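Here chain A shows up in two complexes: once beside chain B, once beside chain C.
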Partner chain A sequence: MSRLIAYRLALALPQLAAVSLVVFLLTYLIPGSPAAAILGERADPESIARLEAQLGLDRNPLVRLGEWFSGAAAGDLGTSISSALPVTDLLLTRLPATLSLAFGGMVVATAAGIGLGVLAGVRPGGPRDRIITAGTSVGLSVPEFWFGLILTLLFAVELRWVPVVGYVPLTTDPAAWARGLILPSIALGIGAAALIARQTRGAMAEALTSRYVDTLTAAGVPRRKIIGYAFKNAMVPVLATMGITFRILFATSLVVEVVFAFPGVGNLLLTSVIGKDFPVVQGGVLIVAALVIAVNLLIDVGYGLLNPRVRPQ
Partner chain B sequence: MTTSRRLLSRLRGQPVTLAALAFLALLAVVAVAAPLLAPYEQDRTDFDALLQGPSGEHWLGTDDLGRDTFSRILHGARVALLVAVGSVTVSMLIGVPLGLLLGYRGGWSDRIGSRFLDIADALPGMLLGFAVIAILGRGLGNLMLAIGLIFCGSFARMTRAVTLAEREKLYVDAARVGGLRTSAILFRQVLPNLAGPLAVQAAIFLGSAIMVESALSFLGLGLDTSQASWGGMLGAASEDQATQPFLPFPPGVAIVLTVLAFNLVGDGISAAFAGGAVRPARGRARRRRTRPAVAPLTTAPPTTAPQAAAFPAGPPPPAPPAAAFPAASLPAAIPSPAIPSPAIPSPAILEPGGVLELRDVTVALDSGVPLVRDVSISLRRGEVLGLLGESGSGKSMTARAALGLLPPGISLAAGSIRFEGRELAGLSEKELRGIRGNGIAVVFQDPLAALSPVHTVGKQMCDVIRTHFRVSAAQARTKAASLLERVGVEDPERRLGDHPHQFSGGMAQRVAIAMALATEPRVLIADEATSALDVTTQSQVLDLLLDLRDSLDMTILIITHDLGVVAESCDRVVVMYAGEVVEVAGTSVLFDRPRHPYTAALLAANPSADGKADRLPTIPGRVPPAGEWPSGCHFANRCSFAVPQCSTGAVPLDEDVRCVRATELVLGR
Partner chain C sequence: MMEFPAARLVAALATALALTACSANDDQQTTPGSGATLRVNWGGFPESWAPGAEGEAGYTRVPYENLVEVVKGEVKPMLATSWEQTDTALTLKLREGVVFHDGTPFNAEAVKVNLETVRDAPGPYAGPLKVIKSIDATDDLTVTLNLTEPTPSMLTTLSTRATPMTSPKSIADKSIAQTPVGTGPWAYDAGSSTTGTRMTFTAFDRYWGTAPAFKTIALYAIPDDNQAVGALSSGEIDLSDVEPNAIDRLKGTPGMETLMYPAIRNNPMFFDRGPGGVFEDVNVRRAACYALDTATYVKVEPDMAVRSQHFAEGEPGYNPAVTGYTHDLARAKSLAGGKQISFEVLAAPFTQKQNEVYASQLSALGWDVKVQVAPPPQWAATWNSGKYPYGLGANDELTPFDWYQAWFAADAPGNPSGTESPALKAAADAAIQAGATPEANALWAEVTKVIADEALTCAHIAGQETLAWNSAKVTGVAAPANAWEPNLVNYRDLKPAGA
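After this line comes the complex of A and B, so read on.
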C-alpha cells in the first residue's frame, strides 16, 4: 500500500510544479504593464515604477522564477497589493471555510449520488429507475449557486430552520459549524450527486449482468448479498471518474461560497480578481489546484485499494 | 448520406430529444427577435414599479430599478446563446486541431501534449475563468475565451482518442499509400468519424457554458450589467430576494430549462449513434439470438481475415461477428471415446428415476419466438451426459432453463423440469435458491468472468459455503481450503487470499469448480466449462470432473460444441440443432453409427485422425436463427439426404432420432 501511495505522490508532485509554473507565467500574459493595469490608466509613472519593483517585474524573469519556486516551496507566495499582507497568511485564514464547504459538498454528492444510483441501477428500466434518471437530468442542469439562493429563501428565510448566514469555524462551535454547512453542502453537492448517481446507475446495472452474478445466483447466494458483490465491482468505474467530478465541485464551491457569504478562498479570489490583486490571484489559483491534486491523490489511492488489478506488483 | 438519414430517423423516434430541440429552436428565435418580442426595452426603468411580483402589466414582475423581468429574460437569452456558442466554438477551434495533431503524430509530441492536458486537469474550470478575466479584463470576447479554455482540454482529449483509434485502421493506411497528404487524410477520413462524439460533447458543453457564464455574470465578472443576462439578473436578485422572493425564479428556471434541453439533446444524439432508443431486455435477447446466424458451420481454415477484405471506406466497420465456432475447434483429431459405456443402453431419454429430468421444455422470447422447442433430457444418476450443438442450437438456453437462470426477456414457455422428483418450473426465486447450488451447481465458460474480480477467491467461496451450511467463518475457510486442495490448487490456504486475476485460466476454472462443489451438489452443469482453455488444460479439467463424478457420486451435464470434449468425457450424448434435440445416443454408438444426417455431417466435418482429406469438409449453409425455423425438419435445407417429405411437416423424435429417413439411411464414417 505504501508503494501505491509513493507511486501516486511521484506523479502528483510534478503536476503541482507544472501548475505553479503556469501560475507564475500568468503575470507575463497581462497585456501591457501589469502595474499599469493594477493602478489604472491615470496612475503616475513613479508609482507604476514602484509597483513594478514591488512585483519584481524589473528583474530577470528567470531569476524571478527561481525566487517564485523557492518561495512557494517555503510557503511564501508573495505579498498582497491591496492589503500588504503575506498572501500565504491571507489564504490560510480562508482555507478552513473552503475546506469545510468542499468537504460538505463531497459528502452530500457521494452519499446521495451513490445511494440514488444504486436504487436506480438495481432494477434498470423500472419506475424507480425512471424517476431517479429523470431527476439526475434535472440535477445536472441546476446551477448550484441558484439552488443555494432558492434553498436559503425556502429554509432560512421562510421556514427559518437554519440560520441565514452560516459559517462558524469548527473550532468555535462544532454543532453550529455543522448546522451552517447543511444548506451550502446540499447546494454545492447537487450537480456532483447527479453525475455520480448516473455513473453508479450505469455501473450497477452493468455489474448485475456480469457472469459472476450468474455464478453466485446459481450457487444460491441471496440477492442482497449478490447486490453487495455487484456494488463493489460497480464502485471501480465510479471511483475512476470521481476525480473529475470533484474537480468540477471545487470550481463550483468558489461560487457557492459567495452565495452563502463563506469567508473562503473563493470570496478572496473574487475580490482579488476585481481588484486586480495579482499575487493573491496567483496564490489562490495555486492553492485550489493543490487541493484538487490532493483529493485526486486520495481517490487514486482508494481506487487502488478497491481494484486489486491496478496495484503495482 | 445514408448514415445521417438513419441517425435522423432514430432521432425522430425520441420524443424527448425532439421536444428539447424544439425548445432550443424557439429560444434561438427569441434570442434573435428579442427587441421585437419584448414588451419593454430591457433597460427601461420605472421607479413607480420597483420589485413587483407578476402582474398583467409585468408578467414576471420587475427588479430593483423597476425594469421588466420578462423583457430582460428574453434579452438574456441572447447573451446566453451567444456566449455559449462562441465559447464552445473557441474550445473546438483550439481543442480539435490539438487532439488531431496529438493523436495522429503520436510519439513524443503526443506524450508531452497529453502530460500538458493532465496538468490542465488540476485547474478547475471556474478557476481558469477567474484567471483569464483577471488578466484580460471583462468583455464579450474575453468571456468567450475564458469559458472556451475550460472545455478545450476535453475536446482535445476526445479528438485524440478517436484519431488514435482511427489512425490504426486499415483505410487510413490505404489512403496514405494512395498518396493522400497527411492533412487530407485527417480531415477527409478522421473527421467524419469524430462527428458523432463531437456533436454529443458540443451539445453538453453548450449547456455547461451557459452554467459557467451565468455563474461568472452572477459574480459580476461577466458582461457589463447594462446588458441583461440571466446570471447577472440572479446576482441582483440575491440582494433583493428578501424583499421580493419571486426575483430569483425566472432567470433560474430559464437557465435550468436551457441547460436541460442541451443535455437532453446530447443524450439523444449519443443514443442515436449508439444504435437507437434503448430496448433493454428484448433488444439484448434478440441480438443474442441472431448472433449464431452469422456463425458459419465450417472448419475451413481462416486463410483470409474476413473484415479486412470488405472494409468500407466511410463509416466505421460493423462489429466483427461473434466468434464463429467451427463445428469442432479444439483437438486436431478425435480420440476414440475414452469412456465407452456399452452397459448403458442408449435409447429412451425419458425414464423414471432420472436425477434431473427436462420434459418438453420450450424456452421463448417474450414476443413468443421459441429459442428451444420441446426438449426432453433425462440425466441418470452418476452419468456424464454431453449436450452437443453449435452456437445457436439452444443448448445453453436449455441449461439455463434448468437452473432458472434465463436472461430477462426470455422465459420457460412450456414443459416441466424435475429435480429428484420435484418440479422446478414455476418455483419462486426464493424456493429456487434452496435448490440452486445445493442440488444443482454450474460452472461457466470463462472462469475469470465467472468470479468477481474485486473480491478474493476465499471471500467468494466462503459466502457460498455459508449460504448453505451453518458454519463459522473459520470453518467455512477451512472447508474452502480443502475444496481448493481437492481440485488441485497448490498452497490452498494462501491462495484463498488471492484475487481471480492472480490465477491462470486453468487454475481459475479449478477455483470455479471448487466453488460449485462447495455446496455438495448432486448435479453439476458444465456450460462450455473447458472451451476457453488450451487443449492440455482442457484435458486436465475434464479429468478432474470425471474424477469428481466418481468420488462424489455426482451427475454431470457437459454442454459443449466440441466433439473432442464429448469423446473424452461423456457416457451419452444429446445432439441439438436449431432449438431441437435431433439425436440421443451412447457416445461410442454415436461416433460409430450416427443416425441423424446432422450428426453425421458434424462428425465428417471434424478432421479425422486419418488425415487423408487435403481439404477440410464443411457443412454448407448456416443454422437458421430462431424465428426462421422451417416448418419441417430444421436441418432439411442443409441436408444432403433431404427428400420432399422432409419439409412437409414437423418431424417427431422417434426412437431417439429426429429424421424421417432414419431407418433407411446408413450413415457413419
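After this line comes the complex of A and C, so read on.
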C-alpha cells in the first residue's frame, strides 16, 4: 500500500506542473490585456502600456513561467494584480470554505448515494427500488444551481430552518458552520449522490445474485449478514465511480459557491477570470488540481484496502 | 423496517440535519439585524479597500468619507470645511479634530498621501487626478493641490468614491487593502466579521459628526439576485440592491418596500468622425439618432429610463433647450439619403442586448450593423479604441468638464478620431475659462447643446438602481445624495424601525 501512495504522490508533481502550464498558456490565449481591465474602459494606450510594464506583463512569457514555477515550489504563488495581495494568502483564506463545501457535498453524496443504492439494490424491481431509481433520474437531470434555489426557497425562505447565506468558519462556531453547510452541501451532493446510488444499486443487486450468496443462504446465514458481505464486494466498483464523481463535484462546487455566496476558491476564481487576474487564476487552479489529486489518492487507497488484487505487487 | 446499517446512517444523518436546522431557527431570532444593526447586501465585497481600487460605493462609503460632497449639484463641506479654486490651484481648509479609526489624526499630510496614492495607483480612478502636479501640506489643516491646467471638476472628483480619505498609516503598511480604516461614523470590526461572508462595522466613538442611528452595519456579499431576495424575504438581511424583476416577487413579503433611482448612464458614441469616416457627415449621425428608439428599448429593459441628455435637471451641464432625438424613422431615412452603411460594433455581454436592439433599429435605414461580443476585459480595451466606428458604453462623468474631456475634446481618450468642431472648442474653452464662477453653468449648458446639435452622441439612457428593504427593520431609505452612484443608500439618514 505504501508503494501505491508513493507512486501516486510521485505522479502528482508532473500532473500539477502540466496543469499549471496549460493554465498559463490559456491565460495568454484569452483576448484583452489585464492592464486594460484594471484601468477601465477609457484607458489610453500609453497608460495601458505603462501598467503592463509595471506588472511585468511585457516580459518574455517563458521567463515569467519559469519564475512562477520556482516561486510556486517555494510556496509563493505571486501577487494578485487587482488587490496587490499575495496569492497564497488569498487562496489560504478562501480554502477553508471550499474544503467545507466539498466535504459537505461528499458526505451528502456518499451517505445518500450508498444508502439509497443499497436500499434499492437489496430488492431490485420492488416498489422501493422503482421509487429510488426514479428519484436518481431526477437527481441526475436537475442542475445544481436550480436545485439550490429551490432548497433555499423551501427551507430558508418558507420554513426558515437554515440560513440563505451564512458560511461561518468551523473554528469560529462549529454549529453555525454546520448550519451554513446544509443547503449548499445538499445542492452540491445531490447529483453525485444519484450517480453513486445507481452504481451501488447495480453492484449490490449483482453481488446478491452471486453463487456465494446462494451458498450462505443455504447454510442458514442470516440475511442481514449476507447483505453485509455483499456490500463489501459491491463497494469495489462503487469506489471507482466515486473517484470520478468527486472530480465532477469539485468542478460543480465552483458554481454552488456563487449561488450560496460561499467565500471559497471558486468565487475568487470567477472574479479573477473576469478581471484577468492571472496570478490568482493560476494559483487557484493549482490548488483545485491538488485537491482533486489528493481525493483521488484517498480513493485509490480505499480501493486497494477493499480489493487486495489492485494493490501494486 | 430498515435492513442495513447504511439506511440507519441515512436516518441518523437526516435527524442530525433536522436538529441542526431547528437550532438555526433559534439562532436567527438572535442574529444581529434587529435593534441597532443594519444588514445590507451589495453583491460583492471590494477586492481591495485601498484608495484607488475599485469598489461598490455601498461598501466603501460605510467606513470612508470624502473631503467634500455634492448634493443636487452643489458642493458641500465634509472633511474640508472651505476651499478656494483658481486655474492653477485648489486650496482646502480641513476640519479640525477628525481622527481615523486607528487614532491617526486626519490632517493635510493625510490628504496628500491619499490623493497621491490614487493618482499614482494603477487603477481606474487615477485618470481624473493626473492634473494634480503636486500637493502642498501648507500647515496641519491647509492643503493645496497644484494643477497642470484649469480643472473646474476637481471638487466634484474629490466628492466621489475615487477619492476616499483613508488612514495614511494603513496605506504605508499596506493593511488598508483588507482592513478599511477611514474617518466615517462606522469603523471596521474584524473580530465580528467573517472573511468573504460578512463585514461588520460598529459606531466609531470618536466620530467628528453626529452619531448614526444604527450602531452596527453588517455588510454582506450575495452575488446571486435570487439568493439576495431570499435573504431579504427570510429576514437575514434588511436592505439590498436587487434586479427590477424582484419587485413583484417581494410584494408578497410583509414590510418589504422598494425604490428605483437613476445611476449609471449610457449612450452610443460615433467614434469614426474624422475625414472619410463612416460618421463624418453630421446628417448620417443625426439619421442614426432619429432611427434609435430608446422608448421601445426601455420597454424590454425595465431598469433603464430614457433621458433627453446626459445631465439631469439641476445638474451643471443640463440644458432645457436640448430635447433629444425622438424616434422618427421617416426623418432618419430622409437624413440618411439612402446611403448604404455597413459596420461592426463591439459589445460586452452586459451591453449585448442593447447593442442588438439598436443594430436592428439601425437596419431600418438599410444599414448593415453586425454586433460582435467580447469578454469584458477585451471589450473594455477595444470598444472605444477607434477600431469600431460606433460604440455603446457607460458615461459616468459627473461634470460637463469631465464629460467633454473624456469624449469630445480633440485629445480625449474617447475621441479616437481626434476631431473637434470649432464651435464645440469655442464653447468648451469659454466654459473652462469661466472656472467656478456662476456664469460657468450656462456656458457648459451651451456645450451640451453643441454636442447634441452635432449629434456626437444621442439616445441617452440611465440605468435604474433598485433598492429593496424591510420597513419593519429600517426607515428613512432614500436614493443616495451622491449623484449617479450605483449600489448605495443614504446610510446616515437611516433609522431602526420604531426608533
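Assume the second predicted complex is superposed on the first by the 277 of 313 C-alpha atoms of A that agree within 3 Å, B and C clash if a C-alpha of one lies under 4 Å from a C-alpha of the other, contacts with A are read in each partner's own complex, and residues count from 1 in each chain.
Definition applied: contacts are C-beta pairs under 8 Å (C-beta built on N, C-alpha and C of every residue); 3 or more make two chains touch, one makes a residue touch a chain.
Model, not experiment: these values are computed from the prediction.
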Chain B versus chain C as contact partner of A:Thr252, first or second or both or neither: first
Partner chain in contact with A:Asn307 - chain B first, chain C second, else both or neither: first
Which of chain B and chain C A:Thr172 touches, first, second, both or neither: second
Which of chain B and chain C A:Leu29 touches, first, second, both or neither: first
Touching partner for A:Leu85 - first (chain B), second (chain C), both, neither: second
Touched partner set for A:Leu153, first chain B, second chain C, both or neither: both
Partner chain in contact with A:Asp214 - chain B first, chain C second, else both or neither: first
Chain B versus chain C as contact partner of A:Arg94, first or second or both or neither: second
Partner chain in contact with A:Leu62 - chain B first, chain C second, else both or neither: neither
Overlapping contact positions on chain A, where the chain C interface meets the chain B interface: 30-31, 149, 153, 157, 223, 258-259, 274, 276
Chain B contact footprint on chain A (complex, rising order): 15-16, 18-19, 22, 26, 29-31, 124-125, 137-138, 140-143, 145-146, 149-150, 153, 157-158, 210-212, 214-223, 225, 229, 232-233, 236, 244, 247-248, 250-252, 254-255, 258-259, 269-270, 272-274, 276, 278, 281, 285, 288-289, 292-293, 296, 306-309
Contact set on chain A toward chain C in their complex: 30-45, 47-48, 51, 54-55, 80, 82-85, 93-94, 97, 107, 111-112, 114-116, 118-119, 122, 149, 152-153, 155-157, 160-169, 172, 175-176, 178-179, 182, 223-224, 227-228, 231, 258-264, 267, 271, 274-276
Interface residues, chain C side, partner chain A - complex: 3-4, 6-7, 9-10, 13, 17-18, 20-25, 27-28, 44, 47-48, 50, 53-54, 122-124, 126-127, 174, 177-178, 194-197, 220-224, 226-227, 230-231, 233-236, 374-385, 393-394, 406, 413-414
Chain A contact footprint on chain B (complex, rising order): 118-119, 121-127, 130-131, 133-136, 207, 211, 214-215, 218-221, 234, 237-238, 241-242, 245, 248-249, 251-252, 255-257, 259-260, 263-264, 267, 280-281, 403, 405, 429, 433-438, 440-442, 444, 446, 449-455, 460, 463-464, 467-468, 499, 501, 512, 515-516, 518-519
